[in-house]
Structure formats: C-alpha cells, structure tokens
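Sharing a structure here in structure tokens format.
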Amino acid sequence: MQYLNALTAILPVVVLLGTAVILLMLEVFSLGKDRIWAANFSLVGLAVAFYFAMKGLGAEPQALFAGPGKSAPIIADAFGNLAAAVMLAGAFVAVLLSPEYIKNARCSSGEYYALILFSVVGMIVMAMAGDLITFFLGLEVMSIGVYVLTGIRRNDLRASEAALKYLLMGAFATGFLLMGIAFIYGATGTVALPELARQMVAPVGGAPILVTGLVLLLVGVAFKVAAVPFHLWAPDVYEGAPTPITGFMAVGVKAAAFVALVRIVAVGFANSEESAVVIPFISVIAYLTIIVGNLLAIVQRNVKRMLAYSSVSHAGYALIGVVALARGEESAGAAVLFYLTAYTFMTLGAFGVLVFLERKEGGAESERFGAFAGMGYRHPALGVAMSVFMVALAGMPPTGGFFGKLYIFSSAINAGEMGLVFAGILGSIISVYYYLRVIVSFYMVDVPDAGPLPTATRSRHLTAGLIIATAGVLTLGIFPNQWIELGKLAFKSLQLG
Amino acid sequence: MIKFSSLAYIPLLPLIGAFVLGLWGKKMERSSATIVALSTVLGSFAITVIATYTMVKNNGTPLQAVLWEWIYVGRYRVDLALGFDQLTAALMLVVTGVGFLIHVYSTGYMEEDPSYWRFFCYLNLFVAAMSMLVLGQSLPVLFIGWEGVGLASYLLIGFWYSDTEKADAGRKAFITNRIGDFGFLIGTFIVLGLFGTMDFTQLRQAVAAVGPTDAMLTTGIFAGFSVKAVVTAACIAFFIGVTGKSAQIPLYVWLPDAMAGPTPVSALIHAATMVTAGVYLMCRLGFLFTIAPDALVVVAVVGGLTAVFAATIGVAQNDIKKVLAYSTVSQLGYMVLAVGVGAYTAAFFHLITHAFFKACLFLGSGAIIHALHGEQDIRRMGGLRKHIPITHATFLVSTLALAGIVPLSGFFSKDLVLAFASERSASLGILGSVGAFLTAFYMSRLYFMTFFGELRHPDPHMKDHLHKPGLSMEIPLIILAALAVVGGALNLPHVFTHTDGFLDRFLGPVLGTKVLSMTATAEYFFMAKSVGIAVAGIVLGYVLYGRGVPTKAAESFVESGPVHGVLYNKWFVDELYQNTIIRFTRFLGSLAAMVIDPWIIDGILVKLSSGLVSGSGRLLRKPQTGNVQSYAAVFVLAVAIITGWAVW
Amino acid sequence: MAEPTVPIVWYLILSVALFSIGGLGVLVRRNAIVVFMCVELMLNAANLAFISFARLHGDMSGHIYVFLVMAVAAAEVSVGLAIIIAVFRTRSTINVDELTDMSG
Amino acid sequence: MANYGTIFVLFLIAAMIALILWTLASVLGPKAPNPRKERPFECGNPPLGPVVRRVSVKFYIVALLFIVFDIETVFLYPWAVIFSELGWLGFWTMVTFVAILGLGLVYVWKKGALDWA
C-alpha cells in the first residue's frame, strides 16, 4: 500500500495528529474532570512521536505524496526527522511546564494541548517541506495554533492584546511571504526546491522579480524568527502570552523557521548566483539582530521581556550560521541545528523557572528583577538550574550554549565571515551583563525574611521539565560531539534527496 | 604523552566540595563544612604531588588525561583533555599548595561569619576553576577555567553583598574582565582561523611548521596578510585578555577595588593565583608570542609602565590592603615585562616567589586587620611588633623579600627580570629599577607605620583587647614566610652555581631556555646595584617613617623660623627629599589615584562603555511603541529599503 | 480556447496594486476588523499573482496553490475574528491605537 | 450527442429529487403558520429595518464555520476530476482529509457552537 508506506515515513506527524484529535474528542465528550490527564496524554503522544523521529534518522530519504509527474511536497529524510526530534523535545518540555501555569491562571482547557500538538505538526511539515507551498502550509498550521495559544487566557488584557498584535502582524507578514513565493513561482515556474535550484542556475527572465521574490520570502521567515527590523512584535507578544507558550513560541517557531530556511538555502539556493544576491541582506539582518537585540535586552526591567529580547538576539547568532551556509560552508548546517537544540533547552528552562516564580495575581510585577531577590537561597536547586540556563544563554562553557556559538562562529570563520564573528562575540560579551544580572538578583541581593515561595510549587511536571532542560543544556555542553555528528549526518541527507 | 587519568580529580575534588557545600552547606555543622572544604583541596594537592613525581620519573614526559572527545570543529578535533607538563606542575603546586594554606587560614579568619559555608563553597569553586585553567590542554578548556575563576572572584568580591560599595566593586571587576574576555575570544578565533586548531600541542607543531613568517598567505581567510601580521594581531588580542585578568594598564582598575572581598580571598585570588592567569597564558602561548616580536614590544612596554605606575600610587595609599593591591599590580607588571623581553622562565620564577611572599603579606595584613577588629588604615596602627610577634616576623621577612634583599626569594626573581629587561633595552631596565626603588620605599613605609612607634588607634583600649591570631592563622603564615625565604633556591643564578638554575632546567622543555649574555662581573655588579636600590628605598623609608609616624622634622624646622646654621645642610637634604622626590611621587600617586583612576579609566572606560550600551538601548526602544501599526510601518519601510537595495 | 485578450502583465499590475492598497490599509485604518480585511486583500493579491503566473507558464499547479491559500486564509479569518471578539469583550474597543499596554 | 443525453438524465434525476423532497415536506411536515414565518426568507435577518444595525455575534460564528468547511470542500472538485489518475493513494488521502474534517464537525457540534441559543 503506497499510502500506508507514505504514512509510515511520517509517523511522527501521524502520531501527533492522532493524539491531538483524540484529545479533542475526549475533551468534548468530557471524560475525566482532572485536566492533568490531557497533559499526560499529550506527553505520551509527543514521546511516541519523538521515538519515531529518532528511528527515522536511519531511514533512506523518501519523497512522499508526489502527484503523477510532480515533485514531492514532503521529503522525509534524516534532516527533517532530526529537526522534528528537536521540536518534539521542545514541545515536550513546554507541555511539562504547562499544568502548573494553567492551574494558576485558571484558563483550563483541553484544547490547549491539542493546539500545541497541531502547531508541532505544522513545524514538522515545515522541516520536511519539499516545496515552498508546503512550507507555507506548515508555517500557517503552526502559526494559527500559536495565535490561539497566545490568546488562550481570553479574559486577560495583556494576553488578548498580544494575540491580536501577533495575529495582525503575522498575517501581514504572511502576505509578504506569499507574494514572495508567487514571484519566485513567476520567475522560475516552480516552487519545488530541487527544481528551483536548477531553474535559478539557468538564465531566467525577469531577474528583478526573482530577487524581489527571494527577498520577500526571507522577510517572511525573518518575521517568524523575530529578526531585526522585523522583531517589533516579539517582545509584546512574548510578554503577553502565557509563559509556557512564550517558551514554546520562542523555541518551536524559531527552530521550525530556521530549519526550513536551512533546507531552502541548502537545497533551493544551491550554487546559484541569483540567490547569492540576497546574502548581504541576510548578513545585515544578522548584524542588526545581534546588536539591537542585545542592546535592548540590557535596558529591560521585566525578566520575561528581557528573555524576549534575548531570544531576538539568539536568532541573530543562528542567522550567522545561515549566512555561512549560503556561502557554501557545509558545516554551518549542522552548526545551526546544534545551536537550535541548545537554544531550545536553555530558553525553555529559563521560562520554566519563570513559571515557577510567577505569582498568581502578580501580573507584570512578579516578573521584575527585584521580585527574584534572594531566590537562590530560598530554593537552592532552582537557583542552580537558573544559573545553568543563564550561563548557557550567555554562551559560557561547559554548556550547550557555548558550543552552539563555537560551532556557528567557526563555520562562519571557514566561510570568511570574520565581521559577523566579531559582532557575534561582541554581542555575547554584552549579553553576559544582563544574563548575569538574573543570577545576581538570585544570589547577591539581600534575602528578605523568607516566606514560602510565591506559588504552591510542588508540581511534578514542572520539576521534570526543569530537570530535562538542565540535563539537556549540560549534556550538550559535555558531550557535544554526538549531537553535532548527528547534525552532520542529517545535513548530508539533504544533498542526497 | 602518558595517560594519567587521575588528573581529572584535581579539579573534580574541589568541584564536588563546592557542590556539596552549595546544596547542603546551610544545614551542615561548621566542622563538617570545614572538613569538606579542606579535605578536597588537600586531595588535589596530593594528586598534584603524585603527578609531578610521576612526570619527573618519566624523564619529564607530559602526562595527559583525555576525559572525552569533546568538540569537532570543522575538520579539527579538540578533546576535553587535561595535560600535565612542567609548566603545569609548577603552577599547580602553587595553586593547590598555597590554596590549601589559605583554606586553613580562612577557617580562623571567617569563623564568625554567618555564611561560613558559602565562603568555602565559592573558594572551592575557585580552586576547581583555577585547576581547570592550568590543566587545560586547549584554549576552550582553558577558557572554562578562565571564566570560572572570574565568576568565583566576582562572587567573592561581592561576598558581603549588603554593602553597595562592595557590590559595585564586583561589578567593576566584572565589566573590565568582560573587555578582557573579548580579547581572549578574538585571539582564539584568529588562531583557529589561521592554524585550524586550538589544542596547545597541535598549535605548537603548527607554529613550528610555519616557514618564513613574512611570507604572504595565499589561501584561507587571511589571504593577503603575512603570518607574522596575523599572529601579532592574535597575540595583541590575547594580551588584551591578559590586561584584564592580570590587572595591567589600562584594565588594572578592578584589582584595588576587589580588596572589598574578605582578606583570604585577596591573598589567594587577587595576589597569588588568579591574577597570574594572564602571565600563565602568555607563557603557555610563548611559542606564539615569539614569532610576533611587535606584540612582545607592546607587552614589555605595558608591563614596565604598569610596574612603575602602580608603585607610585602605592606610595600614596593609607589602606593596608590598597598598598598591597597596588604592589600586586606593580609586581604583575614585572612578570609581564619579563614575558615581553622573552624571559618566560624569569616571569614564571617571579610568579612563584611572588605567590609566596605576597600571599604571606596579605594573610599578615588579614591577621592585623583581624587583630584590630577590622581597622585597615595604617595611620591608626603602629607598635604592633610587640603584640603580634609571629605576624610581625613573617611580615618583615616577606617585606624584605618583596623589596629584593639578598638572599630572599624576591631578590633572585626580580633581579633576573631586571637583568633581562636591561639587556633588552636600557630604558626598560631603568623603568624596572625605578619601580624596584619605589617598591622598597612604600613597603618599608607600610612596615614601619604598622609595626613601629605606638598604637595610634582612636580607641585607647584597643591595645588590651587585640584579637590575637590563632594557630590556624599563624601556621600558614610561618610556612609561607619560610617559602619566601628559601624560594630563591628554585632558580639560583648561573654565576653562583655554574650551572643552569633548577627552574630553568625544569621548565626548559616547555618555555625554552634564555640565558643572560652579560659577563659574570657585570652580573655581580648588576646584583649589587639591585640590592643597593632596594636598600636605598628601605633606608629612605626608615629615615622618614622609622618611628612609626611620618617625621615632623621638616615641618618643625620650618616652624622654628629661618635657617639654623649647623642643621641647615642636613635638613636641606631632607627638605629636598620632602619637596622633590616624596612630594612629587606623592603628587603623581595622588594624581593617578584621584584623577586618572576615577575619571579617565573609570569614567571613560567603564562608564562610557556601559553608558554607550544602555544609551543606545534606550534610543532603540523608541520604535517599540506598542502600537501594532507603527510596527507594520517599520516592517514596510524595511522591506522597501531591502528590496530596493537588492534589486537595484 | 481563445488567446487571452488582456496581457498577463496587466494582471500582475492589478495584483501589485491590490497588494499595496491592502498594505496601506493596514497602516492607516484604525478598526481591527478593517485592518484584518486589508490583510486578506493582500493574500488575495498574491492569489491573483499565482493565477496569472500559472497562466503564463501554462502550469495548473498555480491554481491549486490558490485553493490552498484560500483554505489557509479562511482558517486564519476564523481565528482572527475570534481573537478580535475576545479583545472586544475585555476592552470594549477594537481600535488598534488603544492596544498599547505593552511597549518598550 | 450521447454525452448530452447523460447530462439530460442527470438533470431529470436532480429535478425529481427536488420535487420528491418538496412534496414529502408539504405532505408530512407539521404546519403551524404564524406572521413571522410568512415573511420572505432572508437567512434569518429581518428583511426590513435600519441600514446599519447590530448583528448578533452568533452569525459570525456560524459564518466562520461555514467558510472553513466550505473552502475545504473546494478541494474535492479538482480531486474528483483526476480521481482515476490518482489511484488508491489519492483515495486514501482524501478519506483521511474528510475524516479529519468530520471529526472537526463533531467537535464543533459537541462544543455547542451550532446551538443558536
């Protein structure tokens, strides 16, 4: 059965879809009053999907769902599966962070988890997209889920404002992205990535249309990864969204967009002079993102907002890798994957600690630096975890954050992009200041007579989430090799397909 | 290379100690916290001794422990490997040995602090990070330690965090060290870009394989530059890192402020070990600096200037720890100067002897401060000789060693540095001699004002309830003083023994050997001159401060009217001194302390750079209005600019 | 089948014009629903471009892409209107100028 | 002409189904006429009244659901046209698609989005 074979190749997607649909059905047929079952059920689904994604690493690349004489919209290869594994791991941790938050925010809904799963489906489709339209579809599936998740606390002022801003800006950017794809289609007559690479080498009519199309496409992606100057929505949305969702957005959406970008650049732009036109533009965005993101993070007083800007700046570092990749440096592909993995764990961990510390009714006040005074002594394990995440985000050894930067920078050096490396190091040095400020407020500020911790924080899910994130960050720092080797293997599969 | 996997335990033991103390220290008995802290460091010391013995047994073949395969960058591989060669052995013995003594001392010094466990947690963390720094076989591993010691130092400077001034000091240390780190990372990446490796052994081979260094590179990212130019750039970048960590001009400012931390910390981190990390780095990368002569000139000049500059400031200080801090900056200047003239072994020799006597001085000052219930101003001290005799004796020995009196350890090491410096260039030699004179002078001033005369403390009963140092504080002092006396034997000059010094032979395989080219006579003459300069400084100190207070002779002479025939000439000399040398150096010192330091360095370097960062941050906030349509407008504008630029 | 009487490039010009009108509307209109409609206009401009290019290349795939985009747009509209309703319920306004609680 | 014959048959069947349904409704359905029911049918809106007036949010919800399901059916047309070319792969793909849509409808139904009150 051709159809069953195809489904077997994308088992992670099938499992996720099935889990999500069953979740929705269970929700409406109101089985079980305690909402924790929904979290556990989605965790099981994510774990099974993760297992299949890892299993798919070894399989031959497969082109799926191709119509007669048409290119395949879905390519299930090692790269797509590895990226899927990263995003599934991120979603897993995000789900672990959620029950505690949902309980405090009283926004209980089983749809919450289903929407997360649907978004992940979109992300995986992006990672496996064989043409630009499929990429667009994946992007929208992911985005629509996240729009709703942002505003899931319907009665909260900040949340609904964030959701509307995100939706309007997101749809607006989608318009540009789609117009870009239309132009590329117009100039080359195709949207399939391998075909695109062939068409762009041949002399094509209407080069300005092609270049405009490429630029608009990249603008759309730049919006999703919150690269400067398309980042303005990000801080507001990150601040307003439920904290676990902020984490999920910061890592999942970004990772998916970057993974898709890597595939587009590696497969679609390969060896093309036309596409080389856009490299300086990516470089400029990378410069701007690193510098502006870091500078703005410094002046923030709200930790959640600071983390939002920090996530902007991290998009800049990953963009360095994309520039190197576009210049033909192949090690950059694995470097970007590694960076995204490390970034997933450290960012989700940091947001997890925020979930831990947020007061029930504190709103923005409970997210200020001062609210964390002396927390490291009141809860030593939490303090250690937060220190690990901050040190990792700052890019110091021996954490995954350090190696992420190291791989990115060294691939950029090989590609001859010394200027970007310089900016990247400068940015990391600046960033140490605001990350360490968190640790300082954890440890160095006088301990007010310690009462109980702000929330009743005996959630096993939350604890498990933080442990996984910490372990992930440290494992990547201590055994970076195994993961980077997997990344290289996966990147090779791109060229086979 | 011989595998010796126990090497890993050297950093691991203190790390476990820090971990245990950090998580459970609060609930522990004070005695069990002490046992954890001390036993782990002692264990590290023991392993270091065994490793040194093993290495020497094997004819000096370096030991190696590959913990795991760590990084693949491009085609190249860096293992998380620890190496143990002669250079490592020398510094590790100091770090763990002196580190252990200071741990012992701290049990007495910190006994009344409520956060006893936290202090030892940080201190253990420091020892672990420092061991990592010294044992690291490649730049990234070294960088772990480099950052780790910075973090530990930052935590310890701000240990009494309730005090804002002290927290500020921590911040200052932090910012200046970040500037230094920037240099370090840039240097690392240049090296990676040029040689494609970050492992010291491979790097050494790669450097050796480089042909003529003036030839232009034709491939790689540095095509169009000569090897020499690129290596010089890398060395300068590393040196920026060194000026941060080892407190050289212009980034030295953090070190005096770092004295806000507890005194044992000043002794261990800010005198004996961490601040020497920069010197260690340059020795480790000596093969790289050697092919970049231009960078070495910069190193030498900065080192020489720092040596003199810091010494002049030391003259004008009244806080006992500040005097020692500037003295440390100045002595680090000597080490850097030695590296700059290519005398790596001399630099390392001075590093080791300095660790002995300066740690002893700091611990002594700690004992004094402890005795006087926290008093640090030398104008309120005096006459302590009688009250705390052991502290006095050890302080005296170390002062003489620092001043460079024969045959104490400081004499041999400083003389060697000066000899190499003056062989390289007369002006460097003069800089060094001026610094040596000033050193002898301010140290004798400090010594006399502290121990001679009568106690001038405002509390008249202080004499009766002095806090006498206990055994745990005195034993480390005695051991360190003894080391300060005999430390010179590590590397006796060639003219004495007609053979190479022990350290020369020991470190030769790593650092190469460099011998003085002057004749034996000239060398004796040079030594005599050095001792003469030191004695002159001490004598001047004695004349002016011998009674424990600044002599009022000059003032009383002026008060009693015009010239008194018989005394005229005598006091003319005194006044000349007073008006010229002393006042001038005081003037220079206070100028530096009052103007250059807070305005130029603090103002321009620290405030301006942090102001620039936060100012531009505020400016960039402007588009972040919260209005979604203004976001869309920025979006459209950006798209228009980029599309226009890409298409046309 | 008769040859097209209107050259393809005219369709493209119309498409770009619609796109610009939509974009301008997003920038100047204050009512969130109208802003949202303008975004939909932009998506439809892209659809028109797809159709024109499909015609130009004689490739039917372009038509299918339009179906896909329409489906996506429909889903987006549903979510969008739901969010706008949520905002209206919490603030009694859907004027985008007044949604500036979070900034900086 | 044979082709047109088929279409004619199709037309007849369609007309007959409409006729049968209409007849069945008028014969079997309960009849309780009132003035409201007698007014011309305008999708639930009063046909006469002020030009600008508030519309219940229920309309939007139903309209949204309609649009979503309506647009999805658009895919059935091109699929049906080349059904035979696509083979079993195409068949099962569409079955999955429709099944998911159907579950969506169940969800909407159970959530109460279709209840007017």
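Order of writing sets the chain letters: A, B, C and D. Residues in each chain are counted from 1.
Simple rule for what comes next: contacts are C-beta pairs under 8 Å (C-beta built on N, C-alpha and C of every residue); 3 or more make two chains touch, one makes a residue touch a chain.
Being a predicted model, the structure only gives us computed values, none of them experimental.
Ranking all chains by how far their C-alpha centres lie from the centre of subunit C, first place goes to B. Looking at C-D and A-C side by side, the one with more C-beta contacts is A-C.
With centres taken as mean CA coordinates, the chain nearest to the overall protein centre is A. Measuring from the averaged C-alpha position of subunit C to that of subunit D gives a distance of 26 Å. As a whole-number value, the distance joining the C-alpha centres of subunit A and subunit C reads 26 Å. Distance between chain centres (mean CA atoms), subunit A to subunit B: 43 Å.
In this assembly, the C-alpha centroid of subunit A lies 40 Å from the C-alpha centroid of subunit D.
Residue positions 621, 624, 626, 628, 632 of subunit B are each in touch with at least two other chains. Subunit C has residues 23, 26, 35, 75, 82, 96, 99, 101-104 in contact with two or more other chains. The residues of subunit D never reach two or more other chains; the list is empty. Viewed as a network of touching protein chains, the structure does not reduce to a path, ring, star or complete graph.
Contact residues on subunit A toward subunit B in their complex (touch as defined above): 164-165, 168-169, 172-173, 176, 208, 211-212, 214-216, 219, 223, 229-230, 232-233, 235-236, 277-278, 281, 284, 292, 295-299, 331, 377, 380-381, 384, 396-398, 402-403, 406-407, 409-411, 413-414, 416, 418, 421-422, 425-426, 428-430, 432-433, 436, 443-446, 478-481, 484-485.
Those residues of subunit B that touch subunit C in the complex are listed here as 621, 624-629, 632-633, 636. Residue ranges of subunit D in contact with subunit A, taken from their complex: 85-89, 92-93, 100, 103, 106-107, 110-111. Residue ranges on subunit C touching subunit D, taken from their complex, read 63-64, 67, 70-71, 74-75, 77-78, 81-82, 85. Residue ranges on subunit B touching subunit A, taken from their complex, read 22-23, 26, 68-74, 80, 140, 143-144, 147, 155, 158, 161-162, 167, 170, 174-175, 178-179, 181-182, 185-186, 189, 192-193, 221, 613-614, 616-618, 620-621, 623-624, 626, 628, 630-632, 634-635, 638-639, 642-643, 645-647.
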